[in-house]
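Have a look at this one.
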Amino acid sequence: MADTLLAIRGLSKRFGGLLASDRIDLDVARGETHAIIGPNGAGKTTLIGQLAGDLRPDSGSIHFAGQDVTRLDAPHRARRGLARSFQVTSIFREFSALDNVTLAVQAHAGRSFRFWRSARSEPALREPARAALEAVGLGARADVLAARLAHGEQRQLEIAMALATEPRMLLLDEPVAGMGLDESQKMVRFLAMLRRRITIVLVEHDMDAVFTLADRISVMVYGRIIATGTPSEVRGSDDVRRAYLGEDRA
Amino acid sequence: MSINFALLLEQTLNGLQYGVMLFLMAAGLTLVFGIMNLVNLAHGSLYMVGAYLATAFTEKTGSFVLGVALALPATLLVGVVVEIVALRTLYERDHLDQVLATFGLILFFNELVAIVWGRAAIFTSVPPFLSGHFRVLPGLPYPTYRAVIILVGIAVAIMLWALVTRTRLGMRIRAGASNRTMISALGVDIRQLYTFVFGLGAALAGLAGAMAGPVYSVQPGMGEGILIQVFVVIVIGGIGSIRGAVVGAIVVGMADTLGRAFLKPLLATIISPPAADKAGPALASMSIYLLMAAVLFFRPEGLFPARGRS
Amino acid sequence: MRTTRRAALAGFLVALVAAPASAQTVKIGFITTLSGPQGAIGEHMKNSVELALDHLGRKVGGLDVEVIYGDDQVKPDVGKQLADEMLKKHKVHFVSGVIWSNVMLAVAPTVTGAGTFMIGTNAGPHELAGKMCHELFFTTSWQNDQTPEAMGKYMQDQNITDVYAMAPNYAAGKDMIAGVKRYFKNKIVGEVYTQLGQQDYQAEISQLRAASPKAVFVFYPGGMGIQFLKQYAQAGLRGQIPLYSVYTVDEISLPAVKEAALGQFETRYWSPDLKNEANQKYVVDYRKKYGKMPVFYGAQSYDGIMLIDAAVKAVKGDLTNKKGMIAAMRQADYKSTRGPYKYNVNHFPIENFYLLKAVQDPSGELVMQIQKTVFENHKDSYSAECPMKW
Amino acid sequence: MAISRRTLALVAGGALLALVPPIAALTNQPFYLDLFRRMMIFAIAAVSLDLILGYGGMVSFGHAAYLGIGAYAVGIPAFHGVDNGWLQWGLAIAASALAAAVIGAVSLRTSGVSFIMITLAFAQMLYYLGISLETYGGDNGMRLAGRSRFGGPIDLREPAVFYYVVLAILVLLLTLGNRLVASRFGMVIRAARSNEVRARAIGFSPFRYKLTAFVIAGGAGGLAGALLANQTEYLTPDFMHWTRSGEIMFMVILGGMGTLFGPVIGAVVLLLLEDVLSALTTHWQIILGPILILVVLFAKRGLFGLVAGAETRDG
């Protein structure tokens, strides 16, 4: 498929006795928003970890934009356009919101072996950073210390940082987890805006968000992908109902 | 100098005995390290306190066994007081703060001991009933007291193993070493557990000091020399792991002893004897640091990382 | 009289208003190690300085005296800073003390370079006895090598055929064994250098036993000596292979080692049982005042004050008359605890060296006792390198 | 108002240091020149450590190693008759930077306690190496044949000249350091300290940056060593002893880490404290020890935080 941005083949990862990823095959097309759902402990975060480069798979391969990235570490994948958010918010807490995003812009720009000029006075870093903050609706909070932002704002900041690296693909690990209803709706609306412009792989428990955003959905249970399809296909699948929804409601 | 079999055996025994000594110190340090995530430079001070108290109690009671037996709870008590007064608030701090605060404790204890007992070394000796020798092999006598140190070390290792794997308390300790949040979820009073573990570590350091007293020089600052080596032991073994402490201690004890004994003659077979005379002692004193750097290069977590730690 | 060192910060403030030092007060800076494990030595030295002042009626050369003590923490750079402080802030007339050779090598040239007297009372590195000798530098102790030379001579005299030698792996350790070799011409079957500050010698003792020498020579100062002696005795070698040493057993370590040192041979230029008037007065009063046996570090420091006293007397209190004081000191005309001695051209004493043995005295206490004289009027081996002539 | 208070503190501090030589000359107390020069030299070492410790979060317990290397880089050429200061000091910086590159390349693979211990181990190895350098005095160390020579008006034998050279280097280091920590490079190492996982996720490979910072700090530490050798005119392996590393570390904490100016205060206060306390009693360490503990427990931002007010650091 010429349009495939991400191609996963036979990916396996074992933790002691637990098979967290079991021969996973998955293709994500350019421009697609692909959700991965499944019960707790199904191995979703492990999968994201392997995609981002934090975890090294035991076997299998990951191709991104036509190139084998299986053996690349996280920074190298990030520089190739794979940006991510974490399940537990991960930001530079001692820096202002704007600094956080400035760092992301700088990471994308490269050339960080510069020792003299203040990074905070470089318009080339500051302006795109401000734009990214505006985009996620944090423009007014630019100078607030990241640690002092509200939880929802911190999640938005994470997305802003991811966007600031001008990624080809966003890996979002439960972006609305722990958010209030308002915040979560705001986030979903924002992500909906991003759709089509950026390829998104989304792990999420909030089914409203999933069905609003996803073009296709993969269902993971015990480290395996048991079904992949459009939201309506997945909704209608007996396998999924048995393996996942049934268990979830039990 | 030829290397003969009996000598090799004797030096192996020496290495084992030195390793056991290091283990007695390392066990307490690695527990405190692993469970409370506390870098305690003052562990050497507790060793010193143990040596002084055992000497004082031995003199008072006239019995070495009683002296050591009394020194253990006394050092435990000192440890508990130190934990409550100074260290309790340090658990959540980074290692840097811990290093510095416990460095301060070292200064404090060294001077305290100097004030109470004077700066000069005090008298200690092996009790008469342990002062003899026995024959390991014909022509190979070995000091009884050193053999006793080996036995005590093995006994402590077995007791710790039993405590950690066979008791409820041990289960909590293991849980604490691998997952700190889980343990409070289990409903364990974490402060009490920490105080207990620190006290246990202090008592082990005290035991090491009490056993070391008759062999070494009991004087202020005696803990620092051995402390650095003990840190090497637990870093090589893997922080927080009793098994790692055992293996690390034996490895360091052996490397150090055999290095001191045989490095020079071995080098002399490769390079000229005068050069070996120079390089031998220098290399021997660096050997354990080289070993540690090598281990950490290939296994940054040490040989036996405690499970669940990243 | 002020005997403690004034703190720098307070001093800085005071200095803004203070008048220059009165010429009527002799100021002596005394550098030694007072804190940490090695502070035991410094304590003996400081005590002995105070005892000397007591004996002199708290006057030196008839003038009021002020002693400023400094704690070098066994660090040469701290010693050097103390010397600078004493010279530039306190404007002392004499600097004295100094236990360690490396501290001395940092301190002595600083002091003499500033035109002030340096009266060493322990360290005697060969550099200062040879090329770096100076007319303002005197010592009341010895050159480092003299003591092991005496032991080498004694072992040679006993015609011991082979000796196993051990010392810590640092400059002094090597100097000591070199000193022994200068007079001991039989075989050295093993020459082992251990790590500085090492605690456990069992491995080396096993090697030593395997070599089965006729005698063992060691140099293990301070805590190292205590551990070595204990472990040597515990290995059962005390009765088997005679042990000879220098700077290993002294009145500081004896109470910590006791029986494990019994029968130990040392060489030294001084001993508490040395029969002369000055020494007996020093030993008796020291024991009375401080409740313990004095040690050679103290005897030397006591002598240092006495030497200064004699020099100031000779110039009738004119502290600017340095030539006069140099000439007086060269006569060594004072009651030394070692008895009368002369100065070599390099201002190191030409003195006797004795064989001492650790024995039990009638009260059961372990003491060092003189057995025989090994060297009479022994000169150090470096004086020929000293360009000074007088 | 925090900024003006901070600026005020800095200007006052700088002016005070610059005025030491005339005051010392006026009061005929040249000793204070030596004392403050020594403090500033340790301040340079402490500031260099602060670059990696305070900003990079690298708890190096072996920083005294560079002090030693720098000192020997002056002492060894001097021993062989090479007294050119540019050469000696250049060598001091280069050799320490090289050592830091090797030490860093191995140590930075680890983190946490392992990192602390491995940097300590390297310093200990260098300490023992120093002891085994018999030609250069072994454990005794050796006397510096003479202070480094630069020609022209820069004559280090002139106490005031040497003083202003040290002051100039300190000011230069603070200026460079101040630029560095705000630069792109500085932002990376501070980001890696704040949250390494996040730094990696946005595309930074922290290792290269940390190693570079480690090398810069090592080089600056080496320069402090070269100055110390000139100050004491004596050098020994003791410069590299682990307790010395602990002292430098404490200067950083005492003054306030991650502030650059804090370590200067830390160095001055610690050395003064040692001086004052040791004049009071030979048991001064029993006072210094608890002071250390109290500072760690209660003055988290160090003395600079008290002087300069809030928000002395960010990131």
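Letters A, B, C and D mark the chains in the order given here, with residues in each chain numbered from 1 onward.
The working rule: a contact is a pair of C-beta atoms (placed from the backbone, for glycine too) under 8 Å apart; a residue touches a chain by one contact, two chains touch by 3 or more.
Since the model is a prediction, treat every value here as computed from it, not as a measurement.
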Taking each chain's C-alpha mean as its centre, the one farthest from chain B: A
Distance from the mean Cα position of chain C to that of chain B, given in whole angstrom: 35
Whole-Å gap separating chain B and chain D, where each centre is the average of the chain's CA atoms: 32
Approximate Å spacing (C-alpha centroids) for the pair chain A, chain C: 73
Multi-partner residues of chain A (each touching 2 or more other chains): none
Overlap residues in chain B, where contacts from two or more other chains coincide: 110-111, 114, 281-282, 285
Touching two or more other chains - residues of chain D: 128, 131-132, 134, 283-285
Graph class of chain-chain contacts, one of line, ring, star, complete, other: other
Chain-chain contacts as defined at top: A-D, B-C, B-D, C-D
Touching residues (chain side chain B, partner chain D) in the complex: 33, 39, 86, 89-90, 93-97, 99-101, 103-112, 114-115, 228, 231-232, 235, 239, 278, 281-282, 285-286, 289-290, 292-293, 296-297, 300-302
Residues of chain D touching chain B in the complex: 53, 59, 61, 106, 109-114, 116-118, 120-122, 124-125, 128-129, 131-132, 134, 242, 246, 249-250, 253, 257, 283-286, 288-293, 296-297
Footprint of chain C on chain D - complex, ascending: 27-32, 34-35, 38, 128, 131-132, 134, 137-143, 228, 231-234, 236, 238-239, 272, 275-276, 278-280, 282-285
Chain D residues within the chain A interface of the complex: 179-180, 182-188, 190-191, 194-195, 197-206, 209, 212, 314-315
Contact set on chain A toward chain D in their complex: 52, 54, 73-76, 78-79, 83-84, 86, 90-96, 99, 102-104, 106-108, 111-120, 122, 125, 145, 161-162, 164-165
